[in-house]
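As written, the chain order gives the labels A, B, C, D, E and F, with residue 1 at the start of each chain.
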Amino acid sequence: MEMSNALRASVLVHALPYIQKYNHKTVVIKYGGSAMIHEELKDAVMEDICLLRQVGLNVVLVHGGGPEISETLKRMGKESVFKNGLRVTDAETAQIVQMVLAGKINKDLVKLINNKGGSAIGLCGLDGGMMEARPKDPSLELGYVGELTAIRPRPVSALLEQGYIPVVAGIAYDDEGNVYNINADTAAAELAGKLGAECLISVTDESGILADKNDPASLISRVNIRTAKRLMEEGVIGGGMIPKTQCCIEALKAGVKKVFIIDGRVPHSILMELLTDEGLGTMFTKN
Amino acid sequence: MEMSNALRASVLVHALPYIQKYNHKTVVIKYGGSAMIHEELKDAVMEDICLLRQVGLNVVLVHGGGPEISETLKRMGKESVFKNGLRVTDAETAQIVQMVLAGKINKDLVKLINNKGGSAIGLCGLDGGMMEARPKDPSLELGYVGELTAIRPRPVSALLEQGYIPVVAGIAYDDEGNVYNINADTAAAELAGKLGAECLISVTDESGILADKNDPASLISRVNIRTAKRLMEEGVIGGGMIPKTQCCIEALKAGVKKVFIIDGRVPHSILMELLTDEGLGTMFTKN
Amino acid sequence: MEMSNALRASVLVHALPYIQKYNHKTVVIKYGGSAMIHEELKDAVMEDICLLRQVGLNVVLVHGGGPEISETLKRMGKESVFKNGLRVTDAETAQIVQMVLAGKINKDLVKLINNKGGSAIGLCGLDGGMMEARPKDPSLELGYVGELTAIRPRPVSALLEQGYIPVVAGIAYDDEGNVYNINADTAAAELAGKLGAECLISVTDESGILADKNDPASLISRVNIRTAKRLMEEGVIGGGMIPKTQCCIEALKAGVKKVFIIDGRVPHSILMELLTDEGLGTMFTKN
Amino acid sequence: MEMSNALRASVLVHALPYIQKYNHKTVVIKYGGSAMIHEELKDAVMEDICLLRQVGLNVVLVHGGGPEISETLKRMGKESVFKNGLRVTDAETAQIVQMVLAGKINKDLVKLINNKGGSAIGLCGLDGGMMEARPKDPSLELGYVGELTAIRPRPVSALLEQGYIPVVAGIAYDDEGNVYNINADTAAAELAGKLGAECLISVTDESGILADKNDPASLISRVNIRTAKRLMEEGVIGGGMIPKTQCCIEALKAGVKKVFIIDGRVPHSILMELLTDEGLGTMFTKN
Amino acid sequence: MEMSNALRASVLVHALPYIQKYNHKTVVIKYGGSAMIHEELKDAVMEDICLLRQVGLNVVLVHGGGPEISETLKRMGKESVFKNGLRVTDAETAQIVQMVLAGKINKDLVKLINNKGGSAIGLCGLDGGMMEARPKDPSLELGYVGELTAIRPRPVSALLEQGYIPVVAGIAYDDEGNVYNINADTAAAELAGKLGAECLISVTDESGILADKNDPASLISRVNIRTAKRLMEEGVIGGGMIPKTQCCIEALKAGVKKVFIIDGRVPHSILMELLTDEGLGTMFTKN
Amino acid sequence: MEMSNALRASVLVHALPYIQKYNHKTVVIKYGGSAMIHEELKDAVMEDICLLRQVGLNVVLVHGGGPEISETLKRMGKESVFKNGLRVTDAETAQIVQMVLAGKINKDLVKLINNKGGSAIGLCGLDGGMMEARPKDPSLELGYVGELTAIRPRPVSALLEQGYIPVVAGIAYDDEGNVYNINADTAAAELAGKLGAECLISVTDESGILADKNDPASLISRVNIRTAKRLMEEGVIGGGMIPKTQCCIEALKAGVKKVFIIDGRVPHSILMELLTDEGLGTMFTKN
C-alpha cells in the first residue's frame, strides 16, 4: 500500500473518537459459514479482532462450522441429510460435529489470533458447564440439533478479565451427557445478552438486508424490530437471512445495544463498521 | 456398598491429615492410553479429580490420546505408520490428531468432570500460546511429532485461581503455524515443573515399576533417580515404561516434589495414593 | 480399623456430592453441656469440624459450659442456686462464668482443634463488641443471665475469610460494663441468623426429638415449625429440649436454611448428618 | 480540666509531627503486674491505646497477670510456691493461670478498650497456634513455666489489618497439649520482633532505670545495650528490672527500633512518650 | 507555650471521641478571601487540615482567590470592574484568574500543606473534566463568571483513596473551551454534596451569623434552613453573608450532614469546631 | 481527507504490531518552547497523546514554557535578563514562572487533552512533594533556576493507574519554601528514569540531530551515547541541542530504553515515530 506515514498517522487520529466510544465495552462477533472460506478474509477478521482488543474493547468470537464439518462427515462415511435446511444429527454425527467445531475450527481460529499477536483461548459450551440444551425439534426428527435451556457466561467473562480473547464453539450438553450442535447465530445472540454486550456483529457473506435481493445498491442500512418483522412476513427478508434476522431481534430484546449484519467479503469490514463514520451493512435497532 | 455411616464418617476423618498436607498444593495428573479405555475406571478417575479439587488441591489433568486417534485416522482413510513406537505424523495427520485430542477426548473429559459436579475447562497447547514446539526428530522422518521449546503456564494458573479444573491436551505449534503432537507424559512433566507442582501422578495400565515384569508382586514402591537410570540401563525398566520413567526423572529435576506412576486399573488409585497411608504404585524420589 | 484402602477411597468418593452441596456455605455448630463430657467424643467432634473446614465449609463453633462452671464456682466457694433451671447469677458469678467459659473451655477447644490440624481462634461476645445484652429476667431475680439486644458478627466473618475456625463463648456485655451469661443455644441461633448460615447443628446428648421419650426408636426425623410448637404444647417435647427447640425455630425464622438436633453420643454424628445419606437426629424445617 | 479550646487545639497541632512519624507503624505495649492495679490508671492506658490506634498506629497490647492470679489460686485452694521469683506451676496451676489470664484479665481489657470507643479482640498464644513453648527450667522444678520455641504472628497481623486492637495473653502450648505460662515481657519482646514493630513500650510501676535506686531524680533517660549489660553486672539494675531489661535488649536485637520502659503510675505516660517532646522513662538503644 | 506534657496528653485524650466520630468521613473546607490574608492564620488552617487527615478524616480544601487576583490584574493593566459585587470577567480576565487561582494560590497552598508534613495535590475544575459551567448571567454582562452545569468528583475521590489531600480551585470550562471563574463557596457546596461529605466548613473572616451585626456577642450558634431564609428576608443576614448562607443551604439540601460558618481569624478554629465540645461559629441544620 | 474507509481500516491494522509492542509501557513526552506555538500542531500533539493512551500506553506529558512566560513578565513590569541562555530568576520571577507554567500553560494543555476525549490531570513538582531542588548555579547569580535533588514519582504513577494522563510542569521547591524553575528536558528525563519508562520523546522545532546544520537532508537517524558526546565536542551538536542531547544521554543512563528527538513541526510526528515503520527524527541508543 503506497501511503505516507503522515497520512497513516492522520487515519489513526480519525479513529480516536470511535475507539473512545467503545472503550471497555463488550463486542460479540459471530463468524461462520461461507464467510470463513477465504483465508485472506479470515486473516483480516482476526486482525480486526486483535486490533479491537488492543484498543480497549472486550471482544468475544463465536464461530460456526462450515464446509469442514460436511467434509469430515463425508470422509468418515456419514452422509449428511438435511431437513428444512438443518442437518439431521444422530448421536455419532453430533460427536463428529463437536470434534470438528471444538477441536479443529475453534483451535485453528485461536492459533490464527495468537499468530496476529493476540492471546485467545478456545472454549465450547461444555467448558465450565457454559451451555445446556435440549432437542430443538420436539419430534426428535432432527436429533441432536439443540436449543439452549441455560447459558452461564462466567468462563467467558473470567477470560475477558484476564485479558484473553475467548473463542466459542456452539456445542452444548444435557443432563444425560448428550451433546448438541447449537446454531452459532443463536449462541452468539444469547451469549451477548447474558454478557451485557454493547454490540453484536454478525459477519456474513452477504451485503446485509437488501430491499431488492437482486440489487446490491438496495441495501437497507438501518431497520427496527417492527420493520424487520414486516420484511420477513413480506418475503423481502428470506432464506438464510431469516434466522440471522431473528437472532438479531433476540439480541436486541436481551439488551444488546447495537446489532449489525455486515459483509465479511469486504476486508476489515468489522473495523469499518466500528471505527469509521461509514456503516457497511445493516444495523438493527429496537425502535 | 454395604457400610454403616459411622464407618463412612470414620474413613473421612482418617483422610483428614492427608488432605491437610496437600492443601492449596498443585497436583498434575497425567492420564492416557490404555488406562482410558474402561468407562467405569474413567469415571472413577474423574471422581477422584473432583474430590481432590473439592478438598483444597489445585488439580490439573493432562491427557493423551489412545485408540480414538487411530480409529478416526482409519475412518478418514489415513493409514497409521509407526517408527520406533512413534506415529509418523504428516501435516494432515497432525491436524486430525489435534481435532480428536482437543475436540473429542479433551471435551469429553471436561463433560465427564462437570457431570461429577466439578467445573472443568479444556485447553490445548494452542490456547493462550501455551506450548511451542519443533520437530522431535531432526531428520523430520517422524513429521509433526514435536518436542517442547517453550511452555507458558499462565492460562492454566489463571483457571486454577478462578476455581476451575484445567484439562490439557498435548498439542503445540510453531511460528509457521504448524501443529505438533506432544507426548502427554512430556507435556505433563514440563507443565508440572513450570507450575511448581507438589506432585505429578502418571496413571497407567500397569502396576508401576516391577523388578520382574512377570511377577506383579515384585513392585518397586520407591526408587530414586540414580536407581531408575540403572534399571533402565539394565533393561528392568523397558518398553513403554522407559519414556514414562524419563518424564518422571525430568519432573523431579524441574522441581516437582513427588512423582508417582500408579495403576489406573485399580479404581480410585489416585485417592488411595494421595489420601491414605498406602502407596499403590512406584514413587520416584530425587535421592 | 480393618478396612482396605480401596474401600476407604470409595467412601471418600461417596461423600463428594454432599461436600459439593455445602461448598463455601456457613455451618454453625452448637456444642455444650453433657455432650462435652467424654474426651473421645469431644475429639471426634473436633475432627469433624476440621474436616468440614478443610473440604470447603465455613465452620463456626459456639459452645456452652457444663460441669466445669459449677466445679469452679464450688471450688471458689460460690454456691450455685437455680431458678426454673437457670443459674441465679450475681455479678461475681458472672465474672467467674466469663473466666471459665472464655478462658478455660473456649481456649481448650481452640487447642484441641489446632491439635487436629485445624486453625481456630477463640472469641467471646466481648471481642469486637460482638454481643450486647440486658437481663433476661426483668425482675432481675436471675441477675446477669442475659438476653441479646445486639449481635455484630464481623469478628467471626473476618476470621472465616482469613481461613480460621472461630470458636465462640456466650458472654455478652452492656453499656455499664456488666457481663452476662448467654445461653449457648440462643447465641448460636442468633449468630447463625446474622451470618446468613446455611445450617445450624445443635449437638446434644439425646437422640433428637422422640415421640415417646422412653422409646429411642420413636425418633422424629423431620418436624416443621407448626408441628414443633404443637409437640411442645402437648408435652411431647419437654425439659431441656424446650429451649433447644425454641432456638431451632428462631434460627429458621432468622433465615437459616437447615436446622438439626443431633446426638453427640454417636461418634462423628456431624459428618454423618452432613456428608452421608443418613440423618441421625431431628431436622427442623420451616413448613 | 479548665482550659480554653484554643489551647486544646494548639496542643493537638503540636502533636502532629509525632503522629506523622509513627503513621502505620506497629507499637507493642506490654502492660502488667502492679501497673494494672489502679482502675484510673488502667483507664488512662486504654485511652492512650485507643487514641494511638485512631491516629494511625497499629497497636498491640500484651498483658501479664498480677494479683488476680494469686487470688484465684488461693480461692481455689492452691497455694502459690515461688522459686527465684517464679511461680512453681503444676499442670492444674497452669490451667488456672490460663483461665484467669485468657478469660478474665484479657477479656476485661478488651471490654475496657471497647468501652473507650476502640475495637479490641482478645487472644492468647493458643489461638491460631500462635505460641509454642517448652519448660523454661530443664530440671522441670518450675513445672509449666515456659519459654517460647516458636511464635507465629499471623493472627495478630490479620486482626491489625482488619482494624482491630489485638490484646494478647502470654499462654503457650506444646505438642502434647500442655499449657505454659509465658512471662509477658518475653512474649511482648518476641512478638514485637516478629511483627517488625517500630516500638516496644513496657509500662511498669517504676520510673525507669535509676542510677541510684533511692533517688527518683537519678533516672537514666537513655541507655544502650552495652551499658545496660554493664549496669546489670554492677547491680545498678537489679530485682524485677533485670528480666525487663533483658527483654528490652532481646527486642532491640530482634529488630525493634525503639524500646522504652515507662512509668505507668503517671497518667497517659504512653502518649507523653510517643506524642510529645519529653521522654518520661528510659529509652533503650542499640548503640 | 508553657504547658506540662501531662496536660498535653490529657488534651489529646479528650479529643478522642470527636476523632472517632469523624473517622473515615469526608470534610470539605472552604477557605478564601480575607481569611487568607494573614500568613500565621493560613499556617494554622493548614496545620488543622494536616491533623484532620492524619487522625482519619478525608479532607478536601476548596479555596477562593482574594487580593492576589486584583493585584495581578492591576499589574497586567486590566482594570477590575464590578457589578453587584461580582467582577465583570472578559475572556482575558478569566484566563488571568485561572492563572492566579490554579497556578499561584492553589500551588502555594499545596506547598504549605506539604511543608506541614501533609501530602496535598492541587487541582482545578479543568482537571479530569471535573467542573463544567455556563455563564451565570444570561445577559452575559458579567462575562465568564460561571455557574456549574456538571460536577464529576472522581479526581478528588481517587486522590482521597490514595491518601492525598486534594486542594481545589474554582475554575470550570465549557464545550467551546472557555474558562469560567466559579465562586468558591458554590464549588465547595456542590462538591461536598457530590462527595457525600459529612461536613462542610466555610472559613470566613466573620464570627458567623450575628443577630445584631454590630454586636459580636449576638452570634447565632445554630440555625435551620427555614430560619436562615427568614433572616435573609429580614435583612439580618446581609452583604457577603447572603451567598455564603445560600451555599450552606444548598449543601444541606445536597445531603451534607453538617454545615458550619466559622471564624478564620481565630487560630485553629477548624479543630475547635470539629474536635472539641465548643462550637465557634454558626451551625446550619436541615430542621 | 479523501480516503476510503477500506484504506482507513487497513492503516489501523498496519499499526497493530506497533501498538502491541508498546502495550502497558510508559512513554514520557517532553513538549515545549517553540514547538508549542502553532495551535494546529499543538492540537495534533494532544490527539497523538490521547490515541496512545487509548491504545494501551501509559503516557506522561512534561511541558516547558515558552513565550507566555516572557509576555507575562513583561506585562507585569519584570524585565527578562538572560545569562548563558538561562533566565536570571529572582524570587518574584520564580513565582510568576510558577503561576504561568502551573496555572496557565499546564491547565490549558489539560483542557485541550480533555477536549480531545482524553482525561488529563495537571501537576507541578510541588504536588505530592514530587520535585525537590537547589540552585543550579552555586554562585546564585541565576537565582531560582534549579537542579533536581529528589524526584518522587508516586503522584504520576498513581494517576496513570487510575487511567489519567498526567501533565507535569517543571516547578520544584526546597525546604525553605522557595520555588525553582526546572528545565523541562531535565524534568522529563529524570521522571522517565524514575518511572522506568520504555521511551522518552522530546518534541522540538528542529528535525533532529543534523550532520550539517544547514542541510536538513543530513539528519542522523540513530546515534549512540559515545558518538553523541563526540558530536558535541566537535561542535556538530550545538546551541539549544546541547542540553537536549545531554538529557537524552541522562535518560538512557537512568534506564529508559528508547530516547528520541523528533520534529514537532510535522503533524502527528509522535504517532509516526511510535506506530509506523518510519522514524522521523534522531533516536539515541546506549551502544
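Methods note: contacts are C-beta pairs under 8 Å (C-beta built on N, C-alpha and C of every residue); 3 or more make two chains touch, one makes a residue touch a chain.
None of these values were measured; they are calculated from a predicted model.
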{"item": "Interface copy of A-F among B-C, A-B or C-D, judged by whether over half of the contact pairs recur", "value": "B-C"}
{"item": "Inter-chain centre distance, chain D versus chain F - centres from mean C-alpha coordinates, in Å", "value": "56"}
{"item": "Chain D and chain E, separation of their C-alpha mean positions in angstrom", "value": "45"}
{"item": "Approximate Å spacing (C-alpha centroids) for the pair chain E, chain F", "value": "35"}
{"item": "Residues within chain C bordering two or more other chains", "value": "none"}
{"item": "Topology of the chain contact graph, where touching chains are joined (line, ring, star, complete, other)", "value": "ring"}
{"item": "Starting from chain E, with chain F taken as the next chain, the full ring order", "value": "E, F, A, B, C, D"}
{"item": "Residues of chain C defined as touching chain D within the complex", "value": "72, 75-77, 95, 98-104, 106-107, 110-111, 114-115, 119-124, 126-129, 155, 158-159, 162, 164, 171, 173, 177, 179"}
{"item": "Chain A residues touching chain F - in the complex, by the definition given at the top", "value": "1, 3, 5-17, 19-20, 23, 44, 47-48, 50-51, 54-56, 116-117, 266-269, 271-272, 275-278, 280"}
